[in-house]
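Got a structure for you, questions after.
Each chain carries a letter (A, B and C) given by its place in the written order, and its residues are counted from 1.
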Amino acid sequence: MPGLLQRFLPREEGFFDLFAKQAANIHAGADALHKMLTHYTGVPEQVQIVKAIEHEGDEITHALITKLNQTFITPFDREDIYELSNRLDDVIDLIDAAASRFVLYRVDSIRVGTIDLVKVLVSATAEVEAAIRALETPDKALRHCIEINRYENESDRLCRTLIAQLFDEEKDSVQIIKWKEIFEVIETAVDKCEDVANVIEGVIVKSA
Amino acid sequence: MPGLLQRFLPREEGFFDLFAKQAANIHAGADALHKMLTHYTGVPEQVQIVKAIEHEGDEITHALITKLNQTFITPFDREDIYELSNRLDDVIDLIDAAASRFVLYRVDSIRVGTIDLVKVLVSATAEVEAAIRALETPDKALRHCIEINRYENESDRLCRTLIAQLFDEEKDSVQIIKWKEIFEVIETAVDKCEDVANVIEGVIVKSA
Amino acid sequence: MPGLLQRFLPREEGFFDLFAKQAANIHAGADALHKMLTHYTGVPEQVQIVKAIEHEGDEITHALITKLNQTFITPFDREDIYELSNRLDDVIDLIDAAASRFVLYRVDSIRVGTIDLVKVLVSATAEVEAAIRALETPDKALRHCIEINRYENESDRLCRTLIAQLFDEEKDSVQIIKWKEIFEVIETAVDKCEDVANVIEGVIVKSA
């Protein structure tokens, strides 16, 4: 039972709490990007919302590294905690990079298929969140990692198809350059989810 | 001498056998891409052959990870076995990515120099196979890693030259976009061979 | 006090000396690229200067790996020494890749903003050099790593802005392709500085 002092002190957040926060933040970022593209109005403001989520991610990453430097006994290898928080940070960076392209490239309207690709990203980030929440039950975490890999294959296939369609349908080469990159940046965000899954699988493999 | 039971059971494949299989599969993938480009007919069918080799690679990677999760004593660090099988998997994924571009981008004929670049990839994968087969004799494995690095430098130089020629000779900007990417994807496959060499060198450096 | 023999033998270079040399070489490479772009004459000769610095980097990397293979007790984990020297090598490779583009793509004159981006690269490499020199005083090294991350954010933001301007101002799509890649390669060189910072932070986190 917690003592009087502890009941008044803010409950200290552990590594698993912070990772869960970081993963939920990524999922929120993907949702915000999806919402922005389905209601394609007030785009600069919606890009700022994604940017704010990315800043929030930086804060959580910073809190994780600070905690790591102040903690002697960690729930798993120090370097894996460091690696995992950095790989989670990469995902939200790429989501922000994708959102910002729509303003920077002055995109007027969304090409068919873009939202399908972002839906795969949303699903992949949901699985990242689930995998992180299951970190203490390896079998469950591994099943979510397999799902992340499956979504990565799906986004890769869809991205290739969208770029092939782009070459078939779009005659303006500047539009081809812009959209090819937009598709690729979204696909890279899903790749970064797979990098997170790889770190999780690596941690589990080590402790097996 | 193996007992009666063992003689009837399928011989269990060890980590080194599985890595050798995975490396041979990569080499086969590079050969199939080379063959497809030298006889540039029936391209969709030949792309399917590369795709089938890539699926075979997924099976071997899966077998490696499963074995890792079921094995207590491993020939080298668990995380390095995991890392090596993932990096080998990346090579065949990139070879498949390169092959698929020729159908997706509706490439009619092969530009001069493409086959030279793929020949460097074939040589690099041959060295990957040799390095993997020599894993138990570090000095020999390191010599093959040096060769892989040499081929990576060569593919980098050749890729830069081909892209410069592309800008000099091709006036159609859509063709420039398509071919620049094809050259870059093939070069990235060779980069991934270098990543494999880096893991092997790292394993050897650790145990020195 | 060193004995007679040691005074006559060339002083053996330790890992820290070699890392300091490798980092100084990277900084020199960024300076040479900056100088080349500010005085944009005799460009092929100036590209050769950067190339020579990149070769020098290969020599130092080779000396580091050789020393690693001959040394039993190392100042930090063997695999981190290997990783750090490889990540430092990546930075100079990318600086060379950036320089070579100006000749390969027959660039006549430098677009506004290019030198600002290269200045961020020069600052980032100065911080890499400072971080490496401070390897034995973790608090100081971490402060330089934070600066490297700050420059990486700055180069990312600047690169996005330059590419947006490129799309706004340039009508020739071939010029867009060439300049987009030049900006991206310079930005990737700064990314590689961040990878170096990540290895340093990882080493410090481990030993905390």
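The rule is short, and it goes like this: a contact is a pair of C-beta atoms (placed from the backbone, for glycine too) under 8 Å apart; a residue touches a chain by one contact, two chains touch by 3 or more.
Values in this document were obtained by computation on a predicted structure and should not be read as measured data.
S.K.: Nearest 5 degrees, what's the C-alpha rotation angle taking subunit B to subunit C?
M.R.: 120
S.K.: Do subunit A and subunit C face each other with the same patch, meaning over half of the contact numbers show up on both, or with different patches?
M.R.: Result for this pair: different.
S.K.: State, to the nearest whole Å, the distance from the C-alpha centre of subunit A to the C-alpha centre of subunit C.
M.R.: Measuring from centre to centre gives 28 Å for this pair.
S.K.: Mark out which residues of subunit A touch at least two other chains, giving numbers and ranges.
M.R.: Residue numbers touching two or more other chains: 173, 177.
S.K.: What part of subunit B is in contact with subunit A in the complex they form?
M.R.: So the residues of subunit B in touch with subunit A come to 65, 68-69, 78-79, 81-83, 86, 97, 100, 104-106, 173-174, 177-178.
S.K.: Inside the complex, what are the residues of subunit B that reach subunit C?
M.R.: Those residues of subunit B that touch subunit C are 160-161, 163-164, 167-168, 173, 176-177, 180, 198, 201-202, 205-206, 208.
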